[in-house]
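What follows is a set of structures to go through.
Look for subunit A in each of the two complexes below; its partner is subunit B in the first and subunit C in the second.
This part shows the complex of A and B:
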């Protein structure tokens, strides 16, 4: 597959035209990356939250895209290679999404899951508030919403 | 790439006169069939290790404190190491090498009609890494402290600290062996996917690829996409063990649940990594021995892909009692119950294939049918465990052990026996003995059920897992519970004894069996158009062309009840 990237230029062929970029093309991309680097360093210095987010993380994504497309040749690969990459990124999001609630919002060194506790308490309160449990059992069970029980 | 493979073929023939020596032929070979045999025999040897460990610890459970014949007294530390090794070996060093590596290596080039894998040297490296990993694992039994005893899931903090697990060096060796083994299968998986994408025989379109090949490809992709987090986690755990870091150590602010996530993000897709090839094997066998076209080929394929995708969304159902966020438990309960749908669909499709076929109950067919029946039991009991509410009660009981074995034994053993008995004539050019094959079949299936149905019953009665000596727990010794344990252990002894029948049949047939014809089962797929056993380069008459899909059995326009993929379309008019 990577053979395409090194194939000698055949005029008129779209893929090959991309593949045979002269050195100056890569230098240009490198120049763009340098400019972006400056922006990503200067941006957060301003101290504005939104600007920091965009200039630090937003620009990092753009830089990653440029590197993958041009230096790692994704631009000249077959389309499914890009889809494979996107699938892997999607799986990463799935994994972080599933793991995050358990490992990101802990307190102290006892891996006390604050977020989960809050959710359980809120759930118990909501259940009592709608009168479902309250109606069934006459009154909410004493201590049902205490943090100790929830854990 | 395809052209390159064909060019290689010519090149190999030019050197065909050079006779390789023993080392070159058996240990340093790049031939996909030889590498498949290396994986198969290593897997079989490791199955003996896994079988021996289960023998020792089941004897301890049934007859606590006795000196186990051939082992001696099982101490508490021994017990942990034996259980851990049994689990790790059976999954990582038996099921994966036999079902994916051995069968993938053997079948893919033969079934898609090419002469070898596209990366033969990578293939050889894959086996060599695997062999080293197996040696490290076995060697860990002989280091100070003995083999790792923190279960095949290796949960920290137990696994992270030598003072907890009591097996400092053994833990690290286990971890290193597992990581090395994953590297081996990554190399193999890349090879499988690339080969099928680029080296199919002329005329073989995507829907002409046999289901077993598709299944191995999907399994390889699942493996490659899921194993990354665990390899990263393994390195972090190794740092915790050897360098004193605290990634997973709560005493240092680390999070043991993070390891569970990293492990199961791989661990659950792993179930499908081994299940799908076994499903594929069953599809090949039931079509051949019911002389019928596979019912709904595309449905099976899309269902398998759907199962693969869903398998990435279910991992936390292993952690319902680990203190995970209860909101996530709801999500994972739903996805877990959802994944039973595509798997059930595949089972229905297989039953649909059998319906109205002229069924031949050969040994491979018996194994394939048993797979469907036994796996169904495993799947149905999984539904109880997938619901987080029920799982809270069942999770630490033998119910889980029984459920797991009702899924995994059909995959790892019934699936492998089906494949070995079916492809044996092609692999070794000899026929296996049918009568002894059937004796082995019944001698395995009946005791298998007598091992695990008692474990279901024990689990329902609250029998806790991970207990070394039940005499310390009077509540778990009363009202016949020990009798059920003894029944399970004795059934295990019977099952193990019948494996001798298999081994004798295997090796006697290998050396003295009747010569196998090219296509003993009258099957359609390409491997049966190569000589038995296929020589280096696979198809001495030239690489085949493909004219149709793999499952054209009992075609109404044809006299023969099979129609090989290689036979040109004009043939039926003549017959």
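This part shows the complex of A and C:
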């Protein structure tokens, strides 16, 4: 750390000099983000699974990249900040990789997740095709299993 | 690097673990429980999209505030921070209407595990929105007097992270039906 946050901010000083683009640049990035938002909402309406996955999650990644690069200025930040954030993401991948097999599968060589199987079966049987906040206002949630059961 | 900015990056790193844990757990359960599709179809895509628009716009005003601060224009930075706070308030208003409709329809945090995740993830995120708004009120008050302008960037970094989390919550909770 070469300096502290206690010094009064001077225009153009290191402490406040990260934003170096004109305002119009940020407005353009915002415009691109809004176009991507529209695509992510419209894409799934086509009803094609691959298109939905790409437009929903692929575009979320692109939007995140634009925000990190242009609004948070991570590209011109000290390198160790990016490494710090990537380390945290790597820990998440380790967590998901370690727990995933137990959560995603409901049966293994020497174990059987009876509660999860029951929850899936009961939920699928109950259905629930009412649309968004649709016809069952006031009724209990369809296919509601107790929180304990759904594990 | 200024100590304050380093501290905010450190905070964001720890937040990645918090939200990463919640989102990772949600994703695994969503894939392992096909019946959740019957529940997720009841979330309102349009209210979620409206809130995405609001947060993206508030991120724009946050980065413009940072730009103004970097030019030494504390008054404009303060105004833009207040606009960002307004965006946070609008987000919470939409959320309150959304949750009211869902709870009235019988979808509560204890209905089943999908709704438990839904309210927990969106609730933790909402608390971060409120925290960001409170921080920005203090930063804006100082910035209006031309004081501590370096804090405008720090508050903005945190706000962009809150926006980032929502960018991933939106497809997970509202699009993947």
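In this section, the second predicted complex is superposed on the first by the 84 of 151 C-alpha atoms of A that agree within 3 Å, B and C clash if a C-alpha of one lies under 4 Å from a C-alpha of the other, contacts with A are read in each partner's own complex, and residues count from 1 in each chain.
Basically, a contact is a pair of C-beta atoms (placed from the backbone, for glycine too) under 8 Å apart; a residue touches a chain by one contact, two chains touch by 3 or more.
Quick caveat, the model's predicted, so the values are computed rather than measured.
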Which superposed partner A:99 touches (first subunit B, second subunit C, both, neither): both
Which superposed partner A:119 touches (first subunit B, second subunit C, both, neither): both
Partner chain(s) touched by A:91 [first = subunit B, second = subunit C, both, neither]: both
Contacts of A:46 with subunit B and subunit C, given as first, second, both or neither: neither
Partner chain in contact with A:57 - subunit B first, subunit C second, else both or neither: second
Which of subunit B and subunit C A:35 touches, first, second, both or neither: neither
Per-residue touch tally on subunit A - higher for subunit B or for subunit C: C
Overlapping contact positions on subunit A, where the subunit C interface meets the subunit B interface: 1, 87-88, 91, 95, 99, 103, 106, 116, 119-120, 123, 151
Residues of subunit B that touch subunit A when the two form their complex: 1, 225-226, 229, 250-253, 255-258, 261-262, 265, 312-313, 315-316, 323-328, 332
Subunit A-touching residues of subunit C, taken from the complex the two chains share: 1-6, 9-10, 12-14, 16-17, 20-21, 24-25, 27-29, 31-36, 38-39, 41-45, 49, 52-53, 56-57, 59-60, 62-64, 66-67, 69-72, 101-102, 104-108, 110-116, 147-154, 156-157, 160-161, 163-164, 167-168, 170-171, 175-177
Sites on subunit A touched by subunit C in the complex: 1-5, 8-21, 23, 26-27, 29-30, 33-34, 37, 40-41, 44, 52, 56-57, 59-60, 63-64, 67-68, 70-72, 77-78, 81, 84-85, 87-89, 91-92, 95-96, 99-100, 103-106, 116, 119-120, 122-124, 126-134, 136-147, 150-151
Of all residues in subunit A, those that touch subunit B in their complex: 1, 87-88, 91, 94-95, 98-99, 101-103, 106, 109-111, 113, 115-116, 119-120, 123, 151
